[in-house]
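These are the structures in question, set out in turn.
Paired with subunit B in one complex and with subunit C in the other, subunit A is shared by the two complexes that follow.
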Partner chain A sequence: MTAYILRRILYLVPTFFGATFLAFLIIQMAPGDYLTQLELDPKVTPETIARLRNQFGLDRPFHEQYLLWMHNLLHLNLGYSFAYQAPVLEIVWPRVLNSMVLVVPSTILLFLIAVPVGVYGALRQYSLGDRVVSFLAYLGLAIPNFFLALILMYLVLQVYFRTGVMVFPVSGMTSSGFEQFSFWQKVVDVAWHAVLPILVLTTSDIAGFSRVMRGQMLEVLTQDYIRTARAKGLAERVVVYKHALRNAVIPFVANIGGILPTLISGAGLVEVVMAWPGITPLLLDAISQQDLYVVAGFLTMGLVLLMIGNLLSDLLLAWVDPRIRYE
Partner chain B sequence: MPIGRAVWLLAGFLAVAGVASAQTFVWPQKWTVAKPSEVKRGGTLRNYTLSDFRTFNPFLTAEAGSVPEIISGDYGLVRRDPTTGDWIPYMAESFTVSPNKLDITFKIRRGMKWSDGRPITADDWVMTWRIHTDKAVGSNSYDSFFLDGKPIVVRKLDDYTLRISYPKTDAEAFAVASFTPWPAHIFGPVYQREGAEGIKKMWTLNERPGNIVSGGPWLIESYRPGERLVLKRNPAFGEWNKDEAGNPLPYLDRYEIRIVKDVNAALAEFLAGNIDVFAPSTVDHISQIRQAIQQGRLDATLKLNASPVASNQFMVFNWNKASDPFKQSLFRSDKFRKAMSHLVNRQAVIDIVYGGLGTPMYTSVYPVFTQWLNPKVPKYEYNPQQAAKLLAELGFTRKDREGYLVDARGRRLEFNLATNAGNNQREQIAKLFVDEAKKVGVKVNFQAIDFNTLVGQLLSSGPDRPFDAIIIGLTGGGLDWPFGSNVVPCKGNLHMWNKSGQCLDPRETQLDALYSRGRTELDFKKRVEIGYRMQEIEAQLLPIIYIAGPNYHPAWNNRLGGEHPDAIISSIWGARELELTFIKK
Partner chain C sequence: MTVQASSQSQFQIALRQFRKHPLAVWGLRILFVLYTVAAFAGFFSPYDPNYYELYPPKGYHPPTRIHFVDPETGGLSRPFVYATRRTLDPVSLQPKYEEDPSQGKFYIRFFVRTPDQPYTLFRVFRSDLRLFGVDPPARIFLMGTDNFGRDLFSRLIYGAQVSLTIGILSALVSFVLGMVLGGIAGYYSGRPFTLSLPLRAWRGLGLLLGPLSWALWGGLGLGALYLAWSYYRLTGLGFFQVLAFLAAAWVGVRLVLTLPFRPIRIDADDLVMRAVEIIAAIPTLFLLISLRAVFPTNVDPLTTFYLVVGLLGFIGWGGLARVVRGIVLSVREMDYVQAARAMGASDARILFRHVLPATASYVIVSLSLTIPGFILAESGLSFLGLGVTEPYTSWGLLLQGAQQGGFASFVDRPWVLWPGFFIFVSIMAWNFVGDGLRDALDPRRRR
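Entry: the complex of A and B
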């Protein structure tokens, strides 16, 4: 067991260096750099730009920049943002926390809803309920997140125009005057703002997730050991939940490792459209401005979490699936 | 004796009152539509911004809309009167210009205080200037303190007297002098102890708001990253800024700025009444606001076409194409460029790209700078027949099998045109031009490329540069002297059409000389004359073909009062002075 874990960790080392190198390389391959924008400013002289480029280290050869960055990284220093003139972690972390307000409840909701929906679809295949759920799932899959968000914002606004009642806020994470609220008022206020974005996030994810769950379940239900279990005269409930479901969720357990990095990677364009101060708007800015170390630092954080997550899911898998043995 | 004593007391009282009135700056009634009697105190103005704040540090940021600019009100020794455009004393009580025009001596207003109670004195300006001009700090304002590479020097004569010395006479002297001071007692000790590195570490977004000292109208109350900046009134500012009735300014208790990354979300919040001000830039946004107002869903004011905006879109041809002498001679010919200007359908651009709400442009001066705009400048307006005629004079008389013009040697009239991908308006302008060009037989190959690549091509230098023609825009340029120091001089970094490092056309040399003359001319009228002359030469030389720009349409919720009179609502002065704005209900 220990040898197995050690071996897995050893594998991670080359993966880490390879992936960070690739990430750094891809960002650097984009034309121009952070200071290119400044070059079109009629008030800034080329000498100033050259001086800034030198101060930011952007005039050094690629391998030097990478090695310096790697050196800092190994000392747990993610680097410095050009745009904010501050350490990357200091800028990124509060935004990641804001994103988690959406991502964590949405992930929990996802499992709570998608698993039963998928099981139901498999048990009552082609029933009216299954068809309705399937239809909704396809609809959810077909509508992009940001578009659903825009539609909901439009609806909220129309309801407000007709009734004068703001059911949910149009956008944002807190109300005006938030600082003066008591602790519980703050909690309620954020929760009230989070309803729509969480809804948007969960809807599209449920769609895909429940379809896969349904397919898995259908496949397992046709296996010989299910027929055997039924032939043994086990209760249907036991057959479904103990024998079938446990095997049907194995692919999801294998994917749990992927959830860890999604916790920090934000809720995507919903954050931009609904003005949620999460990590996505910040990251998009950093990419378009080529704020090198913010992008590289963020990718590295995701990478490390992905590696830890994969390790965890390997261990979990071995625990859930008795067919897997440590060799 | 009692009488004598009473008189003495009265005299003493008058003297004190005299000093007190010298301390205050009275905001003129003509800057607002509201009378002091209608004004209410208190309330919050809710604004938004599309890009997040980067730092609280005034030495690391110079962008418009940065936190230091907002809390300080962006004021200095002098400020402009929006009704006339003139520089008037502000934090200075008065100023005198030396006979040789190289020194300006400012008497600093007494009684001004930082928000922490310390007096604002000459030391603050000197320290601010010293830090801005330290190369290691990397301030974006660095270049503004140099004239042709020679430093502008800020010197303290006594606590309330300051002298700014210029290496040569400068039309923009007051613009330089209007830089915002920051507290020397906060930045000075750190700078002395740790130098530039110490300054860079100060006032990041994680600094406690209470530690940020302001001399302007606002203090930071709270900042939530990526979400909202809340400012509160700075009482120290109100001690020397009053309206004509003597009320301290600003009237507002709070000024809130939400960070809304997506302009559609900002519009939705404005329509819902959660944001008080909005400046729609697309036809779609304008019609949504107009509809909401007409249907009574939103109590707001929309000032359509208040003025053109201070930015432009233009097309520039590359004069440095040693590898392709045919194209090079074409692009260097003013007849060719005039023909191309005749092919730009500016009205169609305005109708299609700006929904009918834009202004055509023919010179480098933004149309909103009305004082500077030479109305008599020749305009090469949309006229395909004239374009065809000019091209025929250049030898393009025949058409080939595909319908494109060729010269006597069979060379086809064809070039590439690029703009930055993702800028829909520029892409539309380019496509309109391609269509018009095709009609007279000019083949234009349009390509939208990455912004940074485009800038790289545009700013490359030498005898052979990698592009034919580019559509792009510039903003900036001041009211004192609207010509770009990087653009007009032949060695300028943004002398985009010709970056061989020398003037190629005698008219470029002329423009270069006129630029320097205007920059050092202190008499405004004479400077405008030079500007007029430059626009005439520009129109003949046509190094850049100006196209059009959108208009400015401010909108605000009617809970706000105290906006500018209509005459001064423009993209230069905005719709209001924040200090004179109040909440009606």
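Entry: the complex of A and C
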């Protein structure tokens, strides 16, 4: 087992260098650099541009930029944002935390809702409830996140115009005057703002997740050991929850590690549509401005978490599933 | 191979199973309608998608109301519309449109000709025949207009051409990449390719290829050394620099010890799977947008279209390759493959004639289930303004109109949300079809 873990970690090294290199290369391959925009400004002299380019290290050859960046990275320094004139971590981390306000509750809700729904669908296959839930799952799968966000915003605003009551805020993360709030007021305010985006996020995920859960459960219920369990007269409750469910959730346990990187990679276009100050809008800006180290730094953070997550998944899988043995 | 008259072919069984899946059949019907309308876009759209009027302007015209009741007699009548009058709201300065019955009723007519707005079908047939329309000065905007006053319904139909084909084309790109790379990875797994020639093999063609391979590998070793050296030059001496030197030296020593005596072999499986891993490691949305940023944004629209297709396809091949590899790994051990090899078939023939077809049913299902994913990705990309560009349009790009100008853009003008509805319907239909195909082609799921 130890040898297996060590080998896995060793395998991670080329993937890590490969992926950071690829990310770095892609950003660098875009025509121009961060200062190209500035060159269009007639008030900025070419000398200033040249000085800045030298200062940012953008005049160095590509491999030297990568080496310097990697050197800083090995010293746990993600680099410096051109646009914000601040270390990348200071820029990215608060935004990641904002995104987590959406992603963490949505992930928890996902597990709390999708697993029971999937189990129900499998136990009462083709019943009315199963059909309704399946159909809703199809709806959830098919609706683009940003479109669902727009629809919900529209409905909430319509209610507001009809009755004057703002059920949920439709954009941003805080109300005006947020700074003067007490701690608990702040928490409530943010939570209130987070309801709609969390709803949007969870809907689409539940759909896919519960479908897979249902499929897993159906698969397990046809196994021989379930028939054996029934044959020896176990209560249906024991058969379902002790024998079937435990085996059906194995793939999800195995994927728990995969959640780690999604925790920091943000809520996607929902953040853009609902003006949530999360990581997605920041990163989209950084990509379009070619704020090199913000993008590369963020991707690296995600990458490291992904690798840790995958490793964790494998270990967890070996732990929950006794059929798996690593020699 | 002959099929006995009494038994059913695989295709017939699958077809019968597919028909048992009512949602899948409905999905197929919906897709048929959507793709037909998109193919004959000119005929089904009442106006040219880029046509707008300068005077009087028709920007943000709400959907035209269609009347079925004659106001004079109170009885049912042929459907008709009224011409509209434009006024400006004195407070918000937004245009408002009111029906103007004084100009009389304009009946909706079918199979009308619009000589001022001809169109071309399939880039070949010119025509100006349209399914329906009304006489000017009245207009029929089934779903209102955009900021320029272009008919949203017509734009939606033309946008369908892009949105619906981009899914299929991207799926084909990722299909080719995934099949070929996954097939090679699986088929040659454990049988590494020889990528250098030792001294004793420098005969015949080896006399040419040998030094060439040495030069390449030597270049690689020197490159590693150069990197380590420039790292040292840039940052001075430290723990990591020593590590880098050691790594480079290790590569160099390994090369010197290996090159003259043993061939260097690399397993294609490792290579492809590492590549899949690396691509999967970067979040899709960001990878897509970063890659899009590599290419200039001001290229002509058709190139942008193919660019988006290529990017989506490039991002999507990993999952398919992984599964194809898995299937190929088990299929290549089967007796019929051994038989083909024993009869002297070449690797390429075995791979493409005998092994890859075995993955067909899985691949068909996975294709039909990735197409909606690509439609979704394209709409997201276009929604951000990074996808297809004017004069082409797509549902995502049209939906972008709902984001311009704050909340007013879709609270006062809810009809700009229509394209989202069509994205939704087409994705759902594809999902139904994909699920139906999966159930039909998987013997274990038959009922």
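Points worth noting:
Operating definition for what follows: the second predicted complex is superposed on the first by the 322 of 327 C-alpha atoms of A that agree within 3 Å, B and C clash if a C-alpha of one lies under 4 Å from a C-alpha of the other, contacts with A are read in each partner's own complex, and residues count from 1 in each chain.
We adopt the following convention: a contact is a pair of C-beta atoms (placed from the backbone, for glycine too) under 8 Å apart; a residue touches a chain by one contact, two chains touch by 3 or more.
Predicted model, so just to flag it, every value in this text is computed and none were measured.
In the superposed pair of complexes, A:Met153 makes contact with subunit B and with subunit C alike.
Looking at the shared chain after the overlay, A:Leu303 reaches subunit C, while subunit B stays out of its contact range. Of the two partner chains, neither subunit B nor subunit C is touched by A:Ser182.
When the two structures are aligned on the shared chain, A:Thr163 is found in touch with neither subunit B nor subunit C. Of the two partner chains placed around the shared chain by superposition, subunit B and subunit C are both touched by A:Val273. When the shared chain is aligned, subunit C comes close enough to touch A:Ile27, but subunit B does not.
After overlaying the two complexes on the shared chain, residue contacts for A:Gln85 are found with subunit B alone; subunit C is out of touch.
In the superposed model, A:Asp285 makes contact with subunit B only, not with subunit C. Contacts of A:Gly18 after superposition: subunit C is touched, whereas subunit B is not reached. Within subunit A, the residues touched by subunit B in the first complex and by subunit C in the second are 30-31, 150, 153-154, 157, 161, 170-171, 272-273, 284, 290. Across the complex, subunit A meets subunit C through its residues 14-15, 18-19, 22-23, 26-27, 29-31, 63-64, 67-68, 71, 74, 138-139, 141-144, 146-147, 150-151, 153-154, 157-158, 161, 170-171, 261, 265, 268-269, 272-273, 280, 283-284, 287-288, 290, 295, 298-299, 302-303, 306-307. Taken in their complex, subunit C has these residues touching subunit A: 23, 227, 230-231, 234-235, 240, 274, 277-279, 281-283, 285-287, 289-291, 293-294, 296, 372, 376, 379-380, 383-384, 399, 402-403, 407, 410-411, 414, 417, 420, 423-425, 427-428, 431-432. Against subunit B, in their complex, subunit A makes its touches with residues 30-33, 36-37, 39-46, 48, 51-52, 55, 83-86, 90-91, 94-95, 98, 150, 153-154, 157, 160-161, 166, 170-174, 176-179, 271-275, 277-278, 281-282, 284-285, 290. Taken together, the subunit B residues at the contact with subunit A in this complex read 44, 46, 51-52, 54-55, 57, 60, 135-136, 138, 140, 142-144, 200, 204-206, 221-222, 224-228, 230, 256, 258-262, 264-266, 268-269, 271-272, 274, 292, 297, 450-453, 455-456, 458-459, 472, 474, 476-477, 484-487, 493-494.
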